[in-house]
Amino acid sequence: MFDLEFFRINTGSGYWDPILWIFAFIIILVIVYVIRNLGKKDFKKSGEKSKVFLSGNPEYDKEQMHIKGSNLYWGFTESMKWLYDILNRFHTGNVSDYVLWFVVVMAALFIVMTISGGI
Amino acid sequence: MISFGIPYLAVVGLILIGLFALVFKKNLIKMVIGITIIESGVNLFLITLGYREGSIAPIYTSSPGGIMSLPVPQALTLTSIVIGVAVLALMLSLVIHIYRHYGTLNVNKIAEGEK
Amino acid sequence: MNFLPVPPEYIPVLIVAIPLFGAFLTPIISRINGKVRNIFAISILGITGFLVFWLSTEIFTNNMIYTYVFGGDSNVIGSGNSAYAIRILFEVDSFGIFMAIIAIIVAFIGTLYSYSYMKKETGLDKYYTLILLMTAGMMGMLLTGDLFNFFVFLEITGISSAALVAFWIDKKYAVEAGFKYIIISAIGALFVLLAIALLYGQYNALNMSVLANTITNFNLIDQIILILLFSALAMKAGIVPMHMWLPDAYGRAPASISIMLVGATLSSLYAVFRVIFTLYGKVFLSVSIQTLEFVTTANILGGFIVLLAVLTMLVGVIMALKQNNLKRLIAFAALAEIGYMILGLGIRLAAKSVIYDTEGTAISILNPAYTQAALTGSIFHILNDALDVGLLFLVAGAIYYATKETSLDRMGGLARNMKYTTIFFLIGLFAMSGMPPLNGFASKIIIYESAYQLSPLVSIIAILSSIMLLACFVKVFHSAFLGPKQPHLKNVKEVPKTMLVAMGLIAILIIIIGLFPNLVIENAVKPTVDAILNNTAYISAIIGGA
């Protein structure tokens, strides 16, 4: 019988075992498949029941209905606009600002060393 | 006593002038000159560490007597000067390409043209 | 294994010399044919990879340190107490060879990928020369035991990688990214040279083990040297707030160069670990009662590093959600992963504590047990992250090769034509955002559990940034691969076989490390963490018995 502890890694407070995870995943997949097969088998995909509903808006052809990349997380980026304004002011693309941040971090580290009683 | 400390003051002065030129100037060529000024400062610091007062150059096999300056920092400085020349050549050739594409050497105009 | 044609003590210098020799031969060989030159470059990297793997099996199993002296018989001159280590040395311990494995895997896969990715470009002999030169520079940085030698290899890597970032000189944004990268690289290296000059003036030695032996009390000059070295090397490793060159350089280089830049960035991170744990080992690592006054310094410095790591994770994922350019988004995600690697270092320094007895006098200094687990997680994460980010950059390059688009707004429905690329992107997505059972989860769970014991807030921020990374890549997956076929992308074909083989090799490595993490941790990561935390072995390999 192979060693059951072979695949296990011990973190400081517990363990993680990928083979046990795969067993659990397969068992759950089987349960999901059994539950799916309990549904109705005689549903026909036609008529008004299976048309797309867009709150009454007209439906264009499929190539134009694909959501583009910059529209996907609009709610998140719009509500956090204050955070993105601050961050965009830092990422200017100007190489002088990059060197200025380097000098700022050196100064901050100098202050940290002074506080910690070293210098 | 302060005459022994003048090269070290010059090193600090050169590095600060180089950082000032790199951070506050808007022309790309002036930034490249700032980097070479910092590099000159660091090389001067390396050479000054090996100097002893009243010493002769450390290249004799049968020396005429007296103490010699330390040869190891001089070897390190030669390596650093060669590396500095290579970096300067690469930076200037990239500046030539940037000027051909953008038509200007102002950092602000280049940075806002890419947004 | 005794079938090597050279004695085994020459292997460390051959690992650096063979790519250097190949770099000088490549312009001559490229006069014959293009194909011969490509096969020559790949075979040079294959030979170097074989030597690195052989040396790594020797070092990991026997736990010994290999040294090589340039131009002399023995490491030191004189013996006993008056031993001077004068010559330049290569000193290879477990940490150096672990990072060398990562660097050579990344270089080999990048060169194999660029066989067909760059086939239609001109000036390819200079491209392969610069790749071999950059590999020699990375190997030299990781294997050396002398500080000025490290500076020279740092500059070699910086110059050759900046020339490669600006390789497409007909595109204007690529040249500008190359210029920004060379300025940042030159500034970082000059401040490292200033610190090395200060160290030479103070202690009259340039060898890392001699310096590790003599830096015992932490006076003013030592603190200034630590500030200069840490800031300059952290800027080259891409830690917030000095990280802004990273999305420009990674996002505008060719895809096979982006994966090699990951290797160069991780070499600078290796140098940060070396400076703090080996050069200043007697200050930060010792548990004897004479170093009582350094515990506060270690705690505050560790707290500062944990703050920088948390900022890196947050800034990386928040900026990554908003990008529309595919390679720039992956570059911000790579930036967020660097925060995990530096978090283990900060936890190790910040958790040092003093045990007092009942009267208030100190009896011992303690490093809690979870700090070792945190370092294990961070070192394991360096290996996992290099593979995951590499796979994602290669997929982005494959999309650019097939469709000539870079913006996410103009892509759609690529999964119908490019099936293998979609599968590789799915593997990269799950691995990068820490989903079981792939390798990202195995290292991230160790980091989560040990960061929780330092402070629960740090662990919550780490888990949150993993989830937001999943959100970023689901956005890329939907807008690039799912959906109907766009009209201007009707005729895309699958990418050539060499690129698929390169991506497949990394995907197989990711799955194997994910399913058998215990093999990697027991055999490779544990000796590495033991070598980091044990700088007396590093010192006594050169000036033994000090």
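Observations on the model:
The letters A, B and C name the chains in turn, as written, and every chain counts its residues from 1.
Following the convention adopted for this analysis, contacts are C-beta pairs under 8 Å (C-beta built on N, C-alpha and C of every residue); 3 or more make two chains touch, one makes a residue touch a chain.
What you see is a predicted model, and the numbers here were worked out from it, not measured in a lab.
C-beta contact counts were set side by side for A-B and B-C; B-C has more. Using the average of C-alpha coordinates as each chain's centre, A ends up farthest from chain B. Averaged C-alpha coordinates give centres for chain A and chain C that are 24 Å from one another.
As a whole-number value, the distance joining the C-alpha centres of chain A and chain B reads 46 Å.
Centre-to-centre separation of chain B and chain C, using mean CA positions: 29 Å. Annotation for chain C: residues 179, 183, 187 touch two or more other chains. Among all residues of chain A, those that touch two or more other chains are 93, 95, 99.
Along chain B, residues 22, 31, 114 each make contact with two or more other chains. Contact residues of chain B toward chain C in the complex are 15, 22, 28, 31, 35, 38-39, 42, 45-46, 49, 72-73, 76, 79-80, 83, 86-87, 90-91, 94-95, 97-98, 101-102, 110, 114. Chain contact summary for the complex, chain A toward chain C: residues 6-9, 11-14, 16, 18-19, 21-22, 62-63, 65-70, 72-73, 76-77, 80, 83-84, 87, 90-91, 93, 95, 97-99, 101-102, 104-106, 108-110, 112-113, 115-119. For chain A in complex with chain B, the touching residues are 92-96, 99-100, 103. Interface of chain C with chain B (complex): residues 148, 152, 155, 158-159, 162-163, 166, 169, 172-173, 175-176, 178-179, 182-183, 186-187, 190, 193-194, 197, 200-201, 206.
Those residues of chain C lying in contact with chain A across their complex are 179-180, 183-184, 187, 218, 220, 223, 227-228, 230-232, 234-235, 241-242, 244-245, 247-248, 293, 296-297, 299-301, 304, 315, 318-319, 321-322, 324, 369-370, 372-373, 377, 407-409, 411-413, 436-437, 441-442, 445-446, 449-450, 453, 471, 475-476, 478-480, 483-487, 514-518, 521.
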